[in-house]
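As written, the chains take the letters A, B, C, D, E, F and G, and residue 1 is the first residue of each chain.
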Amino acid sequence: MKFSTIDKFVAIFVAMEVESKKNVYRLSQITKSIHRALEVATGGKHYWVKAEISQWKTSQKGHAYLELVEMQGGQKMAAIQAVIWSMEMQVLQSKLKGDFGQIFNQGSEIVCMVGVEYHPVFGLKLRIIDVDISFTLGELEKRRRACIERLRSEGLLSLNRQLPVPRILQRIALITAPGSAAYTDFTKHLEANEFGYSIRVTTFSVRVQGVQSAAEIRQALLSINYDQFDAIAIIRGGGSTLDLDGFNDYELCKAAALCPLPILSGIGHETDLSVLDMVVGLPHKTPTAVADYIIDQMQSFEIDLLGMLNAILRQSKNRLSRDLLILENSLSVIKRSPASFVHRQRGDLHNISGKLARLTVEKLQRSRQVLKDLSGDIALNSKQKLAQRESQKIHELQELLIIYTQHRMQGISQQLENLQQTIKLLRPEKLLARGFSISRIQGKAIRDVRDLQSGDEIETELFNGNFRSVITQIHKKNNNDE
Amino acid sequence: MSENTTPSYDQAFAELQQIMQALQNDEISVDELAAKVQRASELIILCNTRLRDTEKKVSEIIDELGL
Amino acid sequence: MSENTTPSYDQAFAELQQIMQALQNDEISVDELAAKVQRASELIILCNTRLRDTEKKVSEIIDELGL
Amino acid sequence: MSENTTPSYDQAFAELQQIMQALQNDEISVDELAAKVQRASELIILCNTRLRDTEKKVSEIIDELGL
Amino acid sequence: MSENTTPSYDQAFAELQQIMQALQNDEISVDELAAKVQRASELIILCNTRLRDTEKKVSEIIDELGL
Amino acid sequence: MSENTTPSYDQAFAELQQIMQALQNDEISVDELAAKVQRASELIILCNTRLRDTEKKVSEIIDELGL
Amino acid sequence: MSENTTPSYDQAFAELQQIMQALQNDEISVDELAAKVQRASELIILCNTRLRDTEKKVSEIIDELGL
């Protein structure tokens, strides 16, 4: 819609050029004509335009004169003069308050509502009536995020946070706008602390608002003699969101990140967090909070000190009372244990004495028993020897004597018997009885036939008598034997 | 503690903690105990003084303490 | 215990505990007992005195601190 | 036992135990028995006397301690 | 056995054991037997007397100990 | 055998055994026999008497001992 | 044989054996035979008598022994 109006305006302009051949117009006629044509095309109409502010000037009457440009790849694609009339400026300033300065800044991009104005003398201008703050904020946010991302990628984001924070921040390098309410609040708060802590503040004066603030703060940061301070505090009073933009400045944040002292910040906004807040080691919402922090730290340190002291004293007392207890115990042991020791020893001695008596009696009893056994054995053995062995031997001998004697006599008796029998058989009577006879001559038994002669008278004896006979014949045997 | 090297708060605190730790670990003998408590006391006085007064005043006190 | 080389609290305490240990473990003969008890007594007195002194000193330090 | 070299309690006790051991192991003949028992008796009396002395001494030491 | 060299209990006991041994091994003739038994009897009496004496002595010693 | 030189038990026993031996070997004639038996008989009586005497003596000794 | 010089059993037995020897060797004629036999008979009777006597005596001795 808006662009179609402009198209129409251009068409009229071209038509004029074609129709007015050789006609010479007065300038005013032309400008009037332009004015009329513009009036027709844009009169009373408003357009939302996105542009960059390439120049910004304010007049004494309270008007602002700007140049709006459109850049693309470093090339200026369009440029136009613009103005904010003082009346509208007042409206905008009261509406935007602190943010006004943030939005209308040389170099910043804005989306603003404009009317097209043409003045025969001053020419063509865009009259800025209103501005789209949300666009600016969006842009700021984008820049803020880019800044954070850059700091993160460069490893700067947590540098200051990683610095060791002394437990006591007693020497403070304060970067702020002196004389501001924030400054007064801060210093008074520190001075009037109820604990009587002494905090020495050295102020480094900077502007905390406006386009220069970031650079000034950065300059102050770099100029501090770090050895003389425990921490740096950057504070300012409350402000709008757009006011914070200075604290999103990359260079400032980088300087803060690289600062060798921990930085306390009290620049905050109720809702938004500046990049500086993200970079510093000790971010706080307000200057008072910073002051409270410093005092709290001191107080907590002091409490810790006292706690430590108490603990030391407690430990010391414990230590002493423990040793006292041990000594007391030792004493009671010393008092008691020799008695029990002696008692025990005495018991041992008593036991040994008893055992001595018992063992001795046992030894004697044992000896007596052994002796008794031996005596008994001797008695038994000596008696046995007689009764059983010797007596038996003699008895046996005695029996043998009888047996041998009888045997001997029987033998002899038998011998005699045999002899007697033999003799009996040899008796002459026995021979005669069996038929043998004895012939005798002159009383002598005839044993040889040669002793005989015929006619000899011989007497023959038989078992039951004898007879006489005369030899009539002698027959002589041929004797082989002789 | 030599006069020219007053310990920092953190050093003082660390020293106190050491004493405390040593006490807790029974590493301090009774022979040393009083001296250690004395030292702890001095450190605390020193910190207290420093927290509230100027370094100059602290120096004066330290001188008076004869440390 | 010779008077010129008074043992430290720790030495005295350690010696005392050795004696106590030996007493409790029946490692002291009757022959030594009296001497050991004598020594232990001396050590107890010594330690006690030292402890009381230390206690007093600590109390003084605390009083001086005024806490 | 000569009077000038009275054995210590420990020596006496050790000797006593040796005699007891020998008695228990039947290593003492009847001929020696009386003499050995006599010796043991003397040693027991000696030990007892020592114990009493020690007790007395220890009591005195503890009384002197007055703790 | 001559009176001036009375054998000790151990000697007497050893002789008794010898006699016993000889008896058991039939080494003592009937002719010697009575004499040997007589000797044994004397030795037994001797030993018994010794035992009694020792017992008495030991009793006295132990009574003196007062147990 | 003369009464004044009574043989010992052992001699008697030995003679007895000799006689027995001779008897067994038929070395004793009828003429000697009675005398020899007489002698043996006397020896037996002698031995028996000796035995009994010894027994009695031993018994007496043992009885006196009270065993 | 004369009665006053009665031969001993051994002499008698020896003569007897001589006679028996002679008899067995046919050295004795029929005329002597009777006499010899007579003598042998007498000798046998003598021996027997002696034997009986001895027997009797031995019996008495043994009886006296009292077995």
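We adopt the following convention: a residue touches a chain if its C-beta (ideal position, glycine included) is under 8 Å from a C-beta of that chain, and two chains touch if they have at least 3 such contacts.
Small disclaimer: the values here were computed from a predicted structure and weren't measured.
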{"item": "Chains contacting each of chain A and chain E, listed by label", "value": "D, F"}
{"item": "Remotest chain, chain G as reference, centres from CA atoms", "value": "B"}
{"item": "A-D or D-E, whichever has more C-beta pairs in contact", "value": "A-D"}
{"item": "Interface composition of copies chain F and chain G: same or different, split at half", "value": "different"}
{"item": "Rounded Å distance between chain B and chain D, as computed from the means of their C-alpha atoms", "value": "62"}
{"item": "Mean-CA-position distance for chain C and chain A (Å)", "value": "40"}
{"item": "Length of the line joining the C-alpha centres of chain B and chain G, rounded to whole Å", "value": "155"}
{"item": "Chain C and chain F: spacing of chain centres that average the CA atoms, whole Å", "value": "99"}
{"item": "Interface hub residues of chain C, defined as touching at least two other chains", "value": "13, 30, 33, 37, 41, 44, 47-48, 51, 54, 58, 62, 65"}
{"item": "Sequence positions of chain A contacting 2 or more other chains", "value": "306, 309, 313, 316, 320, 323, 331, 334, 338, 342, 345, 353, 356, 360, 364, 367, 375, 379, 382, 386, 390, 398, 401, 405, 409, 412"}
{"item": "Interchain contacts (touch definition) - all pairs", "value": "A-B, A-C, A-D, A-E, A-F, A-G, B-C, C-D, D-E, E-F, F-G"}
{"item": "Chain B residues within the chain C interface of the complex", "value": "29-31, 33-34, 37-38, 41, 44-45"}
{"item": "Sites on chain E touched by chain D in the complex", "value": "8-10, 13, 47, 50-51, 53-54, 57-58, 61-62, 64-65"}
{"item": "Chain A-facing residues of chain G, complex", "value": "16, 20, 23, 29-31, 33-34, 37, 40-41, 44, 47-48, 51, 54-55, 58, 62, 65, 67"}
{"item": "Contact set on chain B toward chain A in their complex", "value": "8-10, 12-13, 16-17, 19-20, 23-24, 26, 28, 30, 33, 36-37, 40-41, 43-44, 47-48, 50-54"}
{"item": "Chain A residues touching chain C - in the complex, by the definition given at the top", "value": "306, 309, 313, 316-317, 320, 323-324, 326-327, 330-331, 333-334, 337-338, 341-342, 344-345"}
